[in-house]
Structures are given as C-alpha cells and as structure tokens.
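Encoded as structure tokens, the structure appears first; notes follow it.
Letters are used for the chains, namely A, B, C and D, taken in the order the chains are written, and counting of residues starts over at 1 for each.
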Amino acid sequence: MLRYISKRLVSLSASLIVASILIFIVIEIIPGDPAAFMLGINADPDAVEALREQLGLNASLASRYFTWVTGLLQGEFGISYTYRVPVSELISDRIVISLPLTFYALVLSTLIAFPAGIYAASKRNSLGDVSVMGLTQLGVAIPNFWFAMLLVLVFSINLRWFSAGGFPGWDQGFFPAMKALTLPAIALALPQASILARVMRSSLLDTLSEDYIRTARAKGLNRRQALWRHALRNALIPVLTIIGLQFSFLLAGGIIIENVFYLPGLGRLVFQGITQRDLIVVRSVVILLVFAVIAVTFLVDIAYAIADPRLREGSR
Amino acid sequence: MSEQTVSHPSTLQLILRSNGFLIGAGLTALFVLAALVSFIWTPYDATQMSIADKLKTPSAAHWLGTDHFGRDMLSMIMVGARVSMAVAFVAVGVGILAGVPLGLYAASKRGGLIDEIIMRGNDLIFAFPSLLLAIMITAVFGPGAVNAIIAIGIFNIPVFARLSRGAALSLWQREYIMAAQVCGKSKALISLEHILPNITNLLIVQGTIQFSLGILAEAGLAYVGLGAQPPLPSWGRMLNDAQTLISIAPHLALVPGLTIVLTVLGLNLMGDGLRDLLDPKLRRVKS
Amino acid sequence: MTLLNVQNLNLSIGNTPILKDISFELEAGRILGIVGESGSGKSITALSVLQLLPNGTTWDGDIKFDGGDINTLSEDDFCDLRGNDISMIFQEPMTALNPVQTIGDQVSESIRIHTGKSRKEADQLARETLNRVELPESEFPLSRYPHDLSGGQRQRVMIAMAIALQPKLLIADEPTTALDVTTQAEILELLEKLVREDGLSLMLITHDLAVVAQMADDVVVMKDGEIVEQGASIDVFSKMQHPYTQQLFSASNHVPDRAPHQQDDNDIVLSVEQVSCDYKLPKTHLFSKQQYFRAVDGVSFKIHRGENVGLVGGSGCGKSTLSRAILALKSLDEGHVLINGKTFSSSGKGPDLTQRAATQIVFQDPYSSFNPRHKVRRLITEPFYTKSEELTDAQIEVAVTEALESVGLKAEDGDKYIHEFSGGQRQRIAIARALIVKPSLIVLDEAVSALDVSIRAQVLDLLAELSDRFNLSYLFISHDLSVVRSITDRVLVMERGKIVETGPTQDVFENPQHAYTQSLIRAIPKLDIEEIRAKEKMT
Amino acid sequence: MNFNHLTSHKMRALAASCAVAAFMVSSTAHAMNTDVTIGMQLEPPNLDPTGGAAAAIDEVVYANVFEGLTRFGPDGSVNPALAASWDISEDGTVYTFKLNDGVKFHDGSDMNADDVKFSLDRARAEDSTNAQKALFAGITSVDVVDPLTVKVTLDKPNGSFLFNMAWGDAVIVAPETADNNASNPVGTGPFTFKNWAKGDAVMLTRNADYWGEAVKLENVTFKFISDPTAAFAAMMAEDIDAFPVFPAPENLAQLGADPRFEVVVGSTEGETILAMNNKKAPLDNIKVRQAITHAIDRQAIIDGAMFGYGTPIGTHFAPHNPDYVDLTAQSAYDPEKAKALLQEAGVSDLTLTLKLPPPSYARRGGEIIAAQLREVGIDTEISNLEWAQWLEQAFRGKDFDLTIVSHTEPFDIGIYARDDYYFQYGDADFKAIMDDLKGETDPAKRSALIAAAQQKIADDAVNGYLFQLARTGVANAKLKGLWENAPTQANDMTGVYWSE
C-alpha cells in the first residue's frame, strides 16, 4: 500500500510542477498590460511606465517565476496588481464560497445519484429503470447555466423562495449562507448527478454478472443481500474515480454558475483577473484550483487502495 | 462449459428493436439536416435585423419568434446549428487524431517511461478545470470559433488517449496479437492492423458522447462570450443575449436552450444505441 | 433412500428448448457423475435443482429432495435451503470469490445467515472448516484475501463455504477443469474424503470421462439436453448400450495412428542451449534493489525434423515462458536458440525476419486466436508477412486453398468471418494458418485442451497425419498428460523452471524415474474397464 | 417551465424549510431605514481617486469619503467644498483659497493648508501616478499663506481651473495616509470607510464629527453585480435599494411598471461614438467617413441596443450642456447618399475591422452598425475584446478601423486637439480653436468658440457621433435624494434619505 501511495505521490507532484510552469507561461503571453488598464483611457504614457516599474512587471521572466513559486511554497501568493492587497487575502475571502459550493454540489450529486443508480440497477429493464435512465439522459443534456437561469426565474423572481444570488457571508450564520448556496449547488449538481447515476448503474450491473455473486446466491443470500453485501462494494471502486473527476468539472462549472448567481467565488476572481489583466491573481488561483484537483485525485487513489485489497501489497 | 453459438440477428433487426437509437438518430439527423439546409435556404436571412418587430413571440410569420434585434430565431437556430456542429465535430476530430495514436503508442510501450509520461500528461490536462483553460486560451488568442475548437479539442485528447490505451491494453493480451508477433510484425503495424479496427466501435460510441459534450462546451464558451463571434449566430450566444430578457421574453431563452437539450439528448441516445448495437456482435457468448 | 429425485424435467430459455424429459435419482451418501460434452445441458440441470436459473427460463416436471417437493417452494424457503441443505461449487475458482472480502468473512457469512450464530462462533466454525479442507491456520489465516491464493487453494475455500453447515447434497459443476492434473487429484481426493466422513451426497458434473470413471458410483450420460444412458458406473462402462457412450469412451482413449518415426540424428530443427529467462519482481519500496524470479533455469534440449516432442508440467512450472522464449516473443537472459542450425534468438539480440518463417504457433483458446474483423483468407495468409519475396495473388490463392483443404475445410470458407465457425473448426483454421508457410517447427500451446473429447480426437488425428505428410516437428505443450502420451515421440517433464526428466514417451509413462514425474503420472485419472472391475470387487 | 419533478423527495423538504426563512429575513430589511444598499456594475480596482482613473472609484468615494477644494453639484455646477471662498488675481493666474475651519480627517488629524499644498504638489510631481496629471500641468507653485489660506499660481490664465479642482482626482489627502488610501481611504467626507469584501461590497458609515451639514444615512453599502440578469433579479428580490446606472435597459420597462420601484432617466457626460481611424486608408478620405455616418441610423441603434434610452448627437458634446449645437441633420441616415459618396471616393467591396470593448452599448450597438454598414456594401469583421485588450490594440496601438466607445469624462471635446489620440485627428484649425478657448474667460466668447469646435469636428466627420449615454437609474420608490444626472462619475449619498 505504502509503495503504491508513494508512487502516486511522486507522479502527482511532478504533474503539479509541470502545471505551474505551463500556467506561468500561458499567462505571460496574454496580451494587455495591467498598468495601462489600471490608469484608464486618458492616462499619459509615463504615468503608466512609472506604475509598471512599481509593480515589478519589468523583471526577467525566470526571476519572476522563481519568486512566484518560492512564494507559493510559503503560502505567499504575492500582491494583486489591481486590488493592491495580498492575493492570499483575496483568495481566502473567496475560497470560503467556492469550496463549500463545490462540496455541497458533490454531496447533492452523490445523494441523488447513488439511490437512483442502485434502484435502476436492481430493477433492471423495468419501468423504474427506464424512467430513471431517461431522466439522467435529460440531466446530462441540460446546460447547467441555462438550468441556473430557469431556477432563478422560477424560485427567485416568481416564488421568491430564494434570493436571486449574492452571498451573505458565513458570519451571518450557517443556515442563511447554505440557503444562498442551495440554488447554485442544485444547478451544478444536476448534470454531475445524472452522469454519476449512469456510471453507478452500469458498474453495478457489471458486478452483478460476476461469478462471486452466483456463489453468494448459492450460499443462500437472496438477491437484495447479494447486491448490498457483495456487488455494491465492488461496484463502488470504479465509481470513486468518477467522483474524483467530477470534482474538477464542478470547480470548472462553478465559474459560470458564480456569474449567474453573482457569488464572489474563485471563478469570478479568475474571470475578473483575466479581464483586468491582474496576472498574479489569475496565476495563483489557477494553480490553487489545479492543486485542489490533484489533491482530490490523490485522495481518490488512497480510497481506491483502501477499498481494493488487491492494491494493498502489489503495485498496480 | 456449454457453448451455445447464438444465431447473430442481422444489424437491421437490432436497429429496429432498439428504439432509443431510433429516437436519437432521428433527432441528430434533424439538426444535421437543419445545418446543411441552412447553407442554401433559411426562412429569413439570419443576420437581417428589423428593430421594429423585435421580441415577437412565435407566430405564423416567425415560427420561433424574433430576438431582441428582430432577427428570425428559426433561421438563427439553423445557422447556429452549423456552428455548433462544426465546432463539436472538429473538436472531436482533434481529440481522436491526437488522442488515439497517443493511447495506442502508450499501450504498445506498456509500463515503460513513455507510457508513464503520456498518462501523466493526461492527468495534467484532466486536472485543469476545463473551462479555465478554455478562457485562458481565448484570452491569449482572442475569442472565436477556431479558438473554441482548440480549447474543446484539447480536452478531448486525454479522453480518447485514455480510452484507446485501456482498450488496447486488454487486446494486447489476446492470442491473435501474439500470433501476429510470431509473424514478425512490428508493434506499430500490429496496432494499426489488429488493434485499431477492434477498438473503432468503442471510439464511435465515445465519439458521439464527446460530440454532445462538445456542443455543451461550445454553448458554455459562447455564453461567457468566448465562442463564435458575431455576426455568426451561435446557440450559446443566443442564450447569453436572452439572459437579461428572460422575464419579459422567455421564448428568447427557451428556444436555444431546448435546441441544445434536444441535440445533446439525441446524440447521447444515439451513442447508447450504438453501444448496444455494436457490442453484442463482438462479445463472445460466455457459457 | 433416494435423496434427490428428478422426474420429467423440461426446460427452455426464452423459446430455445434446453432440457428434454430429464429423470434421474441420487441416493444418499453416493456420488452421481453427470458426463457430457459442452452444450449437453449438464450445468443447467444442476442449476435447476438449486433454482439459480438465468431470468427468462421456463421449466416443468418435479424435483423431490429429501422426501419433500421443492419445485413449489417460495424463493425465501429456497434461500434457506441453499448453502444449508444443498450447496454448490463452480468451475472458475479465480473469479468465484469476492475479491474485496477476506476468506474468513466469506466462509462465516453462510454460517451466520443460516444459523444466526454470533460472529465469534461463526468465525470459530469457519476456522475449523478451513482446517478440514487442508488450509491450515498457520498459512491461511481468516484475514487473508483471495487474490494471492492459487486456483487450487481458492477451490478449497469454495468447498469450505459449501460444507460449513454439513449439507446433505453437494453439487460440483466441473470443479477441477481449470486446475492442473496434480491439484485436480488432490481436490477429487478431498471430495471423496468428505463424502465418506460426512455421508455427503455428491453430484459431480464433468466432461472428463476418466474423472467420472474414477469417482462416480452412478453415471448419467447426457447429449444435447437428453439423458442417453444412466445406471451404476460399472454397468454403464462395461455394457455401454448407447452408441454415443461408446463414441465418447473411444474418443477419450483415442490414440491417433502414426507412422513410425525415422530419426535422422543430425537433421536438428530446434536446438535450445542453456536458456534462462527472468521476470522482474515488484519492488518492495521505491529504492529497494530490483529482485528477479528465474522462470526458466538453464534448459537445453533438441528436436529433430519430423519428431513430436511433448513438454509437460504443473501450472507455474515455466513451460509457457519457455515457449515464448523459443518463439522469441520474450527476450532470453542467458543461452540461445537455434532453428535449422542458425541462431534464432540469444540474450539481447532479437530474431531476424527471414528465420521467423521457420516457426509457427497454435494457441489454446479458439475464440481469442483470431482478429474478429478479418476474413479467414486474410487471417491465414498473415504468416506470409515473413516471406521476403512478394507472392502474386494467384500463388496466394493456391496456398490458401491447399491449406484449408489439408485441414479438412473448403476453399470457399476463406470468405467467411471467424464467428461463423465452431471451436473445432477454428482450431483447424489455426493449424492451416501455421501450415501455410511450411514451417519446420510448430509450437502447440495447449492446442486441444479447450476442445470437447470427440472433436479433440479428430484434431489429434489431423495433427498426426500432417506431421507424417509434411515431416513437421511439433513442440506439444500441455498439462493433459493423456493427450501428450497419445501423440508425442519424446517427452520433457518440467518442474520450477528445470527439465527434470526426458525420454521416449512410453518409457517415461511406464516407469517414471524422477519423483515429480511419478506424482504426475499417478495423478492421471485412469479410464480402463479392468481397473474399475478390480475396484468393484474390493468394496 | 417547472422543474419540480426533478428534485427528489428530500430536496422538496429542504426547499420548503428555506421558504419560511426567506420571508423572515426579507421583512426585517425595511424596519431600520437609515441603511441603504446601492448596486454598481463594476467593482473599483482600489479606493484611491488620485491613484487610478476607473470611474468606479469616484462612484464610491467622491463627495462621500473624499472632498476637494471645489465640488460638482447635481446640475454640474462648480460649488465651494473644502475651500469656503476664493479670489482670483486680475490676470487670472493667481488663486487664493480660504479654507473652512475645524475640518478633520477621518483619523482625527486636522485638515489645513499644508495638506492642500501636499495634495496638489503630489498630483503634479514628475513621478506622480495621477491619471489626470494634465489637469495640474498649469500650476507653477502652491504656497501656504496661513493654516487656512493657500495661494496657487498658474503659468497662464485657465478658465476651467476651478472646474478641474472639482474632479475626483483633485481631492485633498493627508500626507500620513496618502499612500494606503487604495485599500484604507482616509478623507474628510461625511462617510468613513468601514470595510471592503473584495468582489462583493464596500461599506461606509456616517462620520460622527463631520465639519459640514450632517447626513441622514447611518450605513451605505455599495454592492457589485456585473451580470445584468443578476442585477435585475437582485432588484426584483429587493436585495438592492437602488441601482444608479442599471446595466440592463431592457428590464427598465418592467421595473418601472412595478409600484415598488421608480425609474429615473437622466443624462450623462458619455458621448457614444463610432470612432474611425482617420490616418488609415481608406478612412483618411473624408468622403468615405461621411458615407459611413450617413449609413448609420442612430434611432435604430438607440432602440435596438439601448431599448430607447439615449439621445442622438451630431457632434462630440453633451446635449444637456447649454452650449450644445444640434448637428444631427448634417449626418442624417441616408443609405443612398452613403452609396453615392462611396462611388465618388472610388471605393468598392470595402472590409473594415470593428473592435468592440465589453459594455453592452458597444457589443449590441456593434452588431446593429455592422448590419447597417452591410446594407451600403461595407463589410465588417467584428472582434469582441476585453478592456485590457481594447486599450492595448485600439487605444494605444491604433490597430483598428472602427471601434465603439463612450467617453464619460466631463467636457472632453478637448481630446480632438490631442495629436496622438487614438482616432488620430490632430487638425491644426481645431487646435487653434481650443487654444483660444483655454485663454478665454468671457462666457459669451467661450460659447461661440465651443460652438465652432462642435461644427468643425462635425464638418470633418472625424467620427460617427451616435448618442449620449442615458443614465438609467432604478431606485426604491421610498428612497429620495439621489442624483438624476451624472455631470461627473459619482454617487453622492450626502443628500439621500428614506421618505417614509
């Protein structure tokens, strides 16, 4: 087990380093100069030049990369060009919204997908199975930003059950904050829940046709026992990787949803960062998101090793 | 160890029986037709504005109503279909042309350094929140249909690389591959002659799924203003324009939204239908 | 007292009839052998007793067990019956155990659901049962997982699960088919011990006539869903009224007639000199030294033109690795291989293309030996790739027709796809593919193990005839010693990477020198009437 | 289009329990009527008006947190602020300001002449990063006469000096706090800075010991909502009390019809133009430029892009300004004439690039203009750019044929006199008019000069003058005292109060 985990750790950290280099280069070649943007239309050139110097934009590429990475390791992301505040402060304000939203959507999607998938698999080709699968087909096909618009139209503007967006802040109490995240989480969770339900069903159907299920039945277990005691645990293993992947889709999806519900999350921060050419913010947030995804992939691998004893000793 | 050789129903019988495939293929054909017809005929010129009769709900004159500039929605949907299909199609093409050779090569060098590098490269692209990279690409090269293709295409490469590697790995264990090696064929030739033909079914099925995801992704990019640029109509941008008018002209948001849903639904149903159609013929009947 | 009584059982899946009017009885404490080729419906008969039938099956007739009529039982009652009074073990031990559950849990589970014992008591009984099936606590603690057990050991865990609650009837569906001959003998011995000790009735289902002859008290012979003959094994084997039984019997003992083989000592086709192959062992941790497992250790032997040599040994003895090494599919770590006198492959250097034409291979699994996408014509002309000069279409056409006809198929079969042929026909096509370039040596890796007895006999005849006609030499690799005995001139016995004994086939089989060879020969189930009659008189 | 069937049983229970909470929360908002939440589309990059030109900075802090010597009134007039009174020397080059007594900065320190000298010297210094450095160019010296008197000497008379001192960039700051005003603004205004949740909102509270007339509000929150739909939803859900510049004109009709809200349509200093690159062939040919102006139907653009809000303009000048000259007839919509002019210029199958910045007036206006130009045979390649890219390519790089932008700085007809300005006009006669205007203090003569300037740039068809951006504000019907027009970019909350 340790060997498997250490191998994964090495390869994932290598990916992280390559990702940081990639991000740095892609962002460097984005045209547009932050200083010019800050001083607006009628600013005169030497004021712009003075600001460039002040922001250290003229230093060499490599030195800026190293200062950025060494800063990253100490949790110091540098100073935002536009807001003139430490990026880490900007990020901490926003991460308390983006991460809970992503996990809230992940939990919602799993809570909807698992029962639906198991129900459909256990009632194979019955009306129940066909209708659940029909719903998931629909769920996958609906663009989540369009669904978000409809949710706002129905629940905020007409029914006035939820506020149309915005985020009251966790200091206002857990309940109002979660309420503000509910509609965005539903909009994010719908497509992922549909995909997860389909994967759960097909994975369960595969395990149900395995020989050890026939053995379990021959031992005297009825259909339901065989499914819950033997099939489900084996079926969960491939589903784990899908959940790991979904975390990265949810983070990406969050960017659009945050726009529709005007939630001040990491997605919008990156979006604003790109439009305002606040390159330090963009770089730091993107590497943070990539780190989050890689961390989740690593967690999924560990869960994989725990769930599947075949991984315990030998390496995969 | 009973071994029943089940008679193989002809493909046609299978098609007629799986209605999922029929519905899917029907819907997809409808939209492909709309895209093709739009080259020669559309009810009105899709870019023809008449501010006077803007925001008209569906009527005899305009079957799907008009948008906030008075343009005919049906014509825009038809021309928009062209854009969405083209972007998704080329993006899937990029994914296959780049992804499949990578996957096959990684599989032939199983466990080697190259296999590791290619797989780590895939993890890397998967680690990027998809839309973020798309935004960064279009920020560098500017928005437009071509950049949307590149952005979506890049995300198809690891999908197909991982899929073809997995399928190829299992095929390499098959004995007819060893037979070909005994005849002295190189790994590359074996990949081409034996492995590729046997994974085309998988690629076709995954291709339709990725095609539908491509349409969704193009709509997402266009929604944030990074997809096809005006005056070329695109479904995603129609949704973006309709956003603020949703309470006074709901049809403006419903028409493109439902179009996307029906197209993606059609493609996915066709994909699933294809999977059932193509697989049984290959899979040996287990005793 | 009849424990199980099956009367007029008819069964069909969907609308294809599978079983027609099956009636037989099983006496308590006796072993009933059900024998038949694949497709005879013997497995379905067993499954219908336990009502574990695939959905969409309809059946009628009645089944009485232990006096009671069980075909009217509800599903829940049947659940109480399964694993408690009637239990069953299956053919594929590698996939029959839940990979994510310890062997202790899997055995104690059936105890807990039937008897409601506490976890501790159930584990205790599980421990005892595992000991009974010769899986001692020292090496097989309850906490062990199935994935690092061998096929034989897993089958023992299956048996433990089945007999934990002292059932009245144990159904064994091809329990030893997937095991090698020595392990098969141990498992059959274990089953016999359980029948004697627990008074267990055993329904043994197999396609191997020898196993039935050795084990069964009564026999039922099935063909295409019908019982063609049944009765005490002595009567059935000595009288053999039904022609199918006779045909089955003769096919099992079949020895193809081969022309005496004149050996030209200096015309050596294959010479293997001090060949060794290693496998990398997974490293215990990232920076540990790389360990190797020596699968083939300093093997040397020669094969003369026209000579058929057998290579036998238990599973894991390295015979497959050796065959891959000979065909240069696996690089050698030491020694080298010469074909027709020229070096074919040696440590480090790969083979050159022209020499490839001299060797061909036929595999075990007819369903995995062919690319389903290519027509037969293209399949069997693949070896032409080794020919340096380009053959014209006409020449290829002639070669294809000649190859197909020499294996008993028609020229127009060339235009069909492989899924249109049965297992036996596919193996013939595999042989045609090997023949088409007139190689000097054909490696037959378990070439007939996957075939039914009757078809196997035809293929062995074909091989013998081709060897005589084209003066071909074979390297015949198999775990089935009776087949090797019938077709090879000389035999090599391999154990843990080394050749432990070699010599003319008859001598080695009549009086084996090496202890391992003796255990192998002893483990072969005998199929001759006199032996059965002798056994009958003793009891 | 109801999606209830999608939410499983558990979700419906969760939604119902939230409903109760929703009503409980929204009802309390109106009990405390000394708080106000103002909606804004763009978030300021920082809060230091002297350090950046973004309009959003002034819209938060101007007159609320910071004050200058003079300040703009709701009607655009220049009134006394920190300077109680002033007298100008005979030759108009020396201004002596008398400061109000007892004025304190928010950190308690006194505001006196030294602070004024520091602020003005800082703005005009060589390495100053003040975006409007040009406003202070004329100052030669700033001298402290006594703690409450400052003497400012100019190199030559400047009629608009007092006007310039009212700009947000000319507010008075203290030396001790000047450097970190960006994130922690310390001014002399009636509101002090409370906190700034980046990306979400800025909160101000009443300054207890303000030197001037007390304000009626306790807390003011500026909430940033860039997405037009979200803005509409926020107003409908009453999360926001007022949205001075509402981003979605298409919703104004519906908001106006709702008794809870009142739509206030004022004017702004934003001249929206179709800028043409006068130095790039064939746009250097006046006939081509005139053809383009005639191909454009201004009213169609106003109806299509701005849903009817906006007044057509014939030149680069704000209609609400008394000196405005209506020259729209000179470039009226006449496609036939446009085609004829193109023929005369010998230009056929012309393709021009149309680069559009983010605001909806540009993106929507651009699509309409592209269609109108296509009618007369001019094809356009549209490329939507963000502000940073637009500044890089169009504004500084001059790499464009046509672009659409709204100039919102007050009285900015002077940009046509700048040589390197992005549409590259730089006409000698026009520069002469502007120089005369600079030296002229007599109002009648100034009006005549301004009219001549307007006529000149209309005759030369430098750009396509489209419409004046309307200030479409939405506010809670019970909220009074907000500015109707926007003579400068500001949300002056000093006069705002709840009527009930």
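What we mean here is this: contacts are C-beta pairs under 8 Å (C-beta built on N, C-alpha and C of every residue); 3 or more make two chains touch, one makes a residue touch a chain.
The structure displayed is predicted, hence computed values, not measured ones.
Peer 1: Touching both chain B and chain D, which chains are there?
Peer 2: Shared contacts of chain B and chain D: A.
Peer 1: Let me spell it out: compute each chain's centre from its C-alpha atoms, then which one is farthest from chain D's centre?
Peer 2: Farthest from chain D by mean C-alpha position: C.
Peer 1: When I count C-beta pairs in contact, which pair ends up with more: A-C or A-D?
Peer 2: A-D
Peer 1: Centroid of chain A to centroid of chain C, CA atoms only: how many Å?
Peer 2: 50
Peer 1: Averaged over CA atoms, how far is the centre of chain A from the centre of chain D? Could you give it in whole Å?
Peer 2: Chain centroid spacing, chain A to chain D, equals 38 Å.
Peer 1: Using the average of all C-alpha atoms in each chain as its centre, how far is it in Å between chain A and chain B?
Peer 2: The answer is 22 Å.
Peer 1: From the C-alpha centre of chain B to that of chain C, how far is it in Å?
Peer 2: 46
Peer 1: Mind pulling the residue numbers of chain B that touch at least two other chains?
Peer 2: 139, 243, 246-247, 250
Peer 1: Specify, in ascending order, the residues of chain A that touch 2 or more different other chains.
Peer 2: In chain A, residues 31, 149-150, 157, 259, 274 touch at least two other chains, as defined above.
Peer 1: Let me make sure I understand the interfaces: which chain pairs count as touching?
Peer 2: Chain-chain contacts present: A-B, A-C, A-D, B-C, B-D.
Peer 1: Across the complex, what residues on chain B touch chain D?
Peer 2: Those in contact with chain D are residues 47-49, 51, 54, 68-70, 139, 142-144, 225, 229-231, 243-248, 250, 254.
Peer 1: Which residues of chain B touch chain C in their complex?
Peer 2: Chain B residues touching chain C: 1-5, 8, 174-176, 178-185, 193-194, 197-198, 281-282, 284, 287.
Peer 1: So in the complex, which bits of chain A are touching chain C?
Peer 2: Answer in residue numbers: 2-3, 6-7, 10, 210-212, 214-222, 225, 229-230, 233-234, 237, 307-310, 312-315.
Peer 1: Over in the complex, which chain C residues touch chain A? Could you list them?
Peer 2: Residues 50, 52, 75-76, 79-84, 87-88, 90, 92, 95-101, 109-110, 113-114, 145, 147-148, 158, 161-162, 282-286.
Peer 1: For a test of understanding, state which residues of chain B touch chain A in their complex under the given definition.
Peer 2: On the chain B side, the touching residues are 116, 120, 123-124, 126-132, 135-137, 139-140, 212, 216, 219-220, 223-224, 239, 243, 246-247, 250, 253, 257, 260-262, 264-265, 268-269, 272.
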